[in-house]
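There are two complexes below, and they share subunit A, which is joined by subunit B in the first and by subunit C in the second.
And now, the complex of A and B:
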């Protein structure tokens, strides 16, 4: 055994043992129980997941909601990150905005979703405002629709993308942008050819983060769906908490996990390809 | 010019969107009506009084706080040595180990919660404080690693070597040299870890009971059936704790987010 190993071992013994005992082994238990049915090894649970149209509908709704959430987060978060890092000159104002950006992150999903339950209700502020301004002629139903869930999830996940893009942007030397405009590029050209490619890795990592969190979100959809829409994490929760079928629940868990990992891997791969096309390696 | 104006309008609208729900909750917790009203109609502290009179809320606050404190302490005790080993030593499988320790960040919490429920049931720990605790330690360890690892730089290492050369024992070096140098990483890691534990629902929900529950899980179970100003008052308290944590973070180590000073 090498000297480095000898030094590392005492430091790692406890954390590794802990992670093995309370992370790796429980995950192995789920995988192995998903491969059992009626006490014998079986792929039946996975067959049940895969050959049931209902699951595909739920999965489609889950990914549709997560996809819309991610796109909306990117479209709303990017301008805000750019504005805070590049346009806001006052340090105090930026600091206040950062605090307001982090405050929702430090508040439970429950509380934040609860706020939207109140806002999006039939007589909530949003409907009152939309009717008052004349955009709607009568209150619209938000709770119990995919739109309502997306509004809540975008709110919950937006800070992640703002922070990811903002930190990437803050690390880009403004001199590069100045050089570009000195050489005659229009502000839009500078943004398109210099700024945007340089913070693409930040944007991609934000997108991956938001998408994974949106796919696995349970609380916000549960509260804003009004019991009318089911997303995949709800199926898992049902199996464990009311049906008590751990074999089937395990198969559902693994399906969600694998789908998420595949999509994250795909996004990472696209991000790397995109970043290396612009001559920069993704972190 | 138009682009700049548009950017300004979009940015401030998004900021408004981020603040509005919290404002609505805090505002409606003071309403004098028996239903949630925003803007509040009349002003009263009755709902806070009701909350304080209900011991089940206080118990849930207590459980959450104890859980988050113990989990944070454990995550630091396990995470700091792991960070030191990863930053200082070359050993096979280091990258794999780091990804393993960071993976709770991307793993759906519902999946992990279900796994721990099943596993702890087999160990006879189902729906116990211990079951909650181990789960929380797993999901908050990444925050400790993420804040401490970047601070264990080669320059910092050089000071440790100097300390050892001057005859300090390893423990003396750790407490007198290493620890003070990674203080800000420890503080921000600890605050992020504490808050993540304090607000967690998706993992906790599997191992709480009606008698032993954390405040977010209690709110979740309540909000699904009833919405009243007491819930707004309880929620406002949690927003207050969040604000306090951020202010402490900002004043002690500084929120270096979105600034070039890093």
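And now, the complex of A and C:
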């Protein structure tokens, strides 16, 4: 036991040092600066954040955009993952599809968001097409709307949910589904009672990933909002990079972090409760 | 046979490797021994390229001292200077007006001494920035935020900032947001232009609320993108960015309206306890030559901050003050005032304008 520990410790040292240097220390710096105001310890920054309806409005808009993004990613990503894992039979084709899915991740967010600015603009391709086909009479406003931000975020975050769900689906033993069919379940019943619950953990991890990335996204909302919608990360960025109030900025950061953790925790708790309820029903 | 061949191959490989290593070492060691180097912080993109061509290359040619650029925005450079306060590696830093004053207040700058930088005598009096009697920054060129418009959609050039409120331009206007360095001062500029009291911006925000914008831009790149795609057909933009678009053949015009333009400058700073102070001073001296200024005017349309700079007529009309203007036509605000009100104006902007 202790010999094993001795062998494990040096192995652990590197990741622990990395974690301390790049996560723990910056986090402590942010927390401690958020607890200072005018050079003395104070909770004033938090009072300024929390006792102001404006911040709650921005927080609501941030979570609304992140929530819509997550729902859209799940609705688009789940069938896509199912198609890639279950329908595509050729290995080469599947690999090509996965590469196509992951490829955009190699391009910077800024470039991809600029791309959407061009596509969604007043004279952009999307409006040209919608007007050309006759769906719209005159160009629709996407930039500067929550819809525009959601479109940009869904595009950027979709691969995360597809990969998470795809991995979970690939791990489901097809024998279980065969057994379900043998016992007389329809394909839909099999999906509902066997396949879906088994890959629920993968879906949940994808959802948590997409939601947290969407909540903390800065570049995409900043560019696609055209400065007309404010999300929380934009307030944080302003304080750190243009107003230079690191104490207030720190308090804003911690507020967003805690609120997000609370929401993710709640979602996890609901997910677990739901899963155990389904489990009991199945028994 | 095979053995010998392999051995020869190993030997020749080893020789080649040694040669490469030796070459590498000599390449590295030679300039370090024969000549020095200085580290200069400047901006990315065409700005950095222009500083390299107009200042760094002539400086290296004259002195043999290599210039190692550290590329970053003014804000990033200021952050670096604060981090390396105790053991600076940078010698000279380019930073914009506003950040320059903050760096001075943070105590990361060394006084620029006229005996070490004789060309300071050639600089415009407006371009020399003093605090407590000593020079902490010297201007390297002015740029302005003027009226920019699409010449295809707008045939007669606009003459006033108030033209932005014309109904025909509804939803096609862009102005800077406070995330841009010009955002806060632009609000103060409008406040002064409309004759509202300096301490009370409420009327200015009321008026700004009625402006039908396509977007508020947070970076110069976003503004260029908006004019390029036709998302915006009129609004504010920097003379540097607007003329860059026009030079690329886009139908973009830049006008200095009758109320004038807000302007600021890129400035040179000597870093406190710079490791190569003498060379750093010579670098600043090189930057203050009329040749370097003329070169920056040609490459970036930066308005020269030194006297007796001559440029071609085409470059002259693209300078921040427009045709026939000079630094006197620029509205240069006191950055101390802007920095003092920055938090309040940003906050008011968030609440009044940045929520649909």
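In the analysis below, the second predicted complex is superposed on the first by the 255 of 283 C-alpha atoms of A that agree within 3 Å, B and C clash if a C-alpha of one lies under 4 Å from a C-alpha of the other, contacts with A are read in each partner's own complex, and residues count from 1 in each chain.
In this text, a contact is a pair of C-beta atoms (placed from the backbone, for glycine too) under 8 Å apart; a residue touches a chain by one contact, two chains touch by 3 or more.
Small disclaimer: the values here were computed from a predicted structure and weren't measured.
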Combined model on subunit A: subunit C and subunit B, fit or clash: clash
Contact breadth on subunit A, by residue count: subunit C or subunit B: B
Partner chain(s) touched by A:223 [first = subunit B, second = subunit C, both, neither]: both
Touched partner set for A:167, first subunit B, second subunit C, both or neither: first
Which of subunit B and subunit C A:143 touches, first, second, both or neither: second
Partner chain(s) touched by A:106 [first = subunit B, second = subunit C, both, neither]: first
Partner chain in contact with A:48 - subunit B first, subunit C second, else both or neither: neither
Identified clashing stretch of subunit B versus subunit C [4-12, 166-174, 220-228 or 238-246]: 220-228
Where subunit A meets both subunit C and subunit B, residue numbers: 114, 117-118, 222-223, 237, 241
Residue ranges of subunit C in contact with subunit A within the complex: 75, 102, 171-172, 177-179, 181, 183-184, 213-218, 222, 225-226, 229-231, 342-343, 346, 350-351, 353-356
Residue numbers on subunit A that touch subunit B, as the complex places them: 2, 4-5, 7-8, 10-12, 14-16, 18-19, 21-27, 29-30, 33, 76-77, 79-85, 87, 94-95, 97-104, 106-119, 125, 155, 158-159, 163, 166-167, 169-171, 187-188, 212, 215-219, 222-223, 233, 236-237, 239-241, 246, 249-250, 253, 256-257, 260-261, 264
Footprint of subunit A on subunit B - complex, ascending: 3-4, 7-8, 10-11, 14-15, 17-22, 24-25, 28, 36, 38, 77-79, 81-82, 84-85, 88-91, 97, 100-101, 103-104, 106-112, 114-119, 122, 134-135, 137-138, 141, 195, 198-202, 205-206, 215-216, 219-220, 223-224, 227, 231, 235, 238-239, 242-243, 245-247, 250, 255, 257-260, 262
In the complex with subunit C, residue positions of subunit A that touch it: 54, 57, 114, 117-118, 121-124, 141, 143-145, 222-223, 226-230, 234-235, 237-238, 241-245
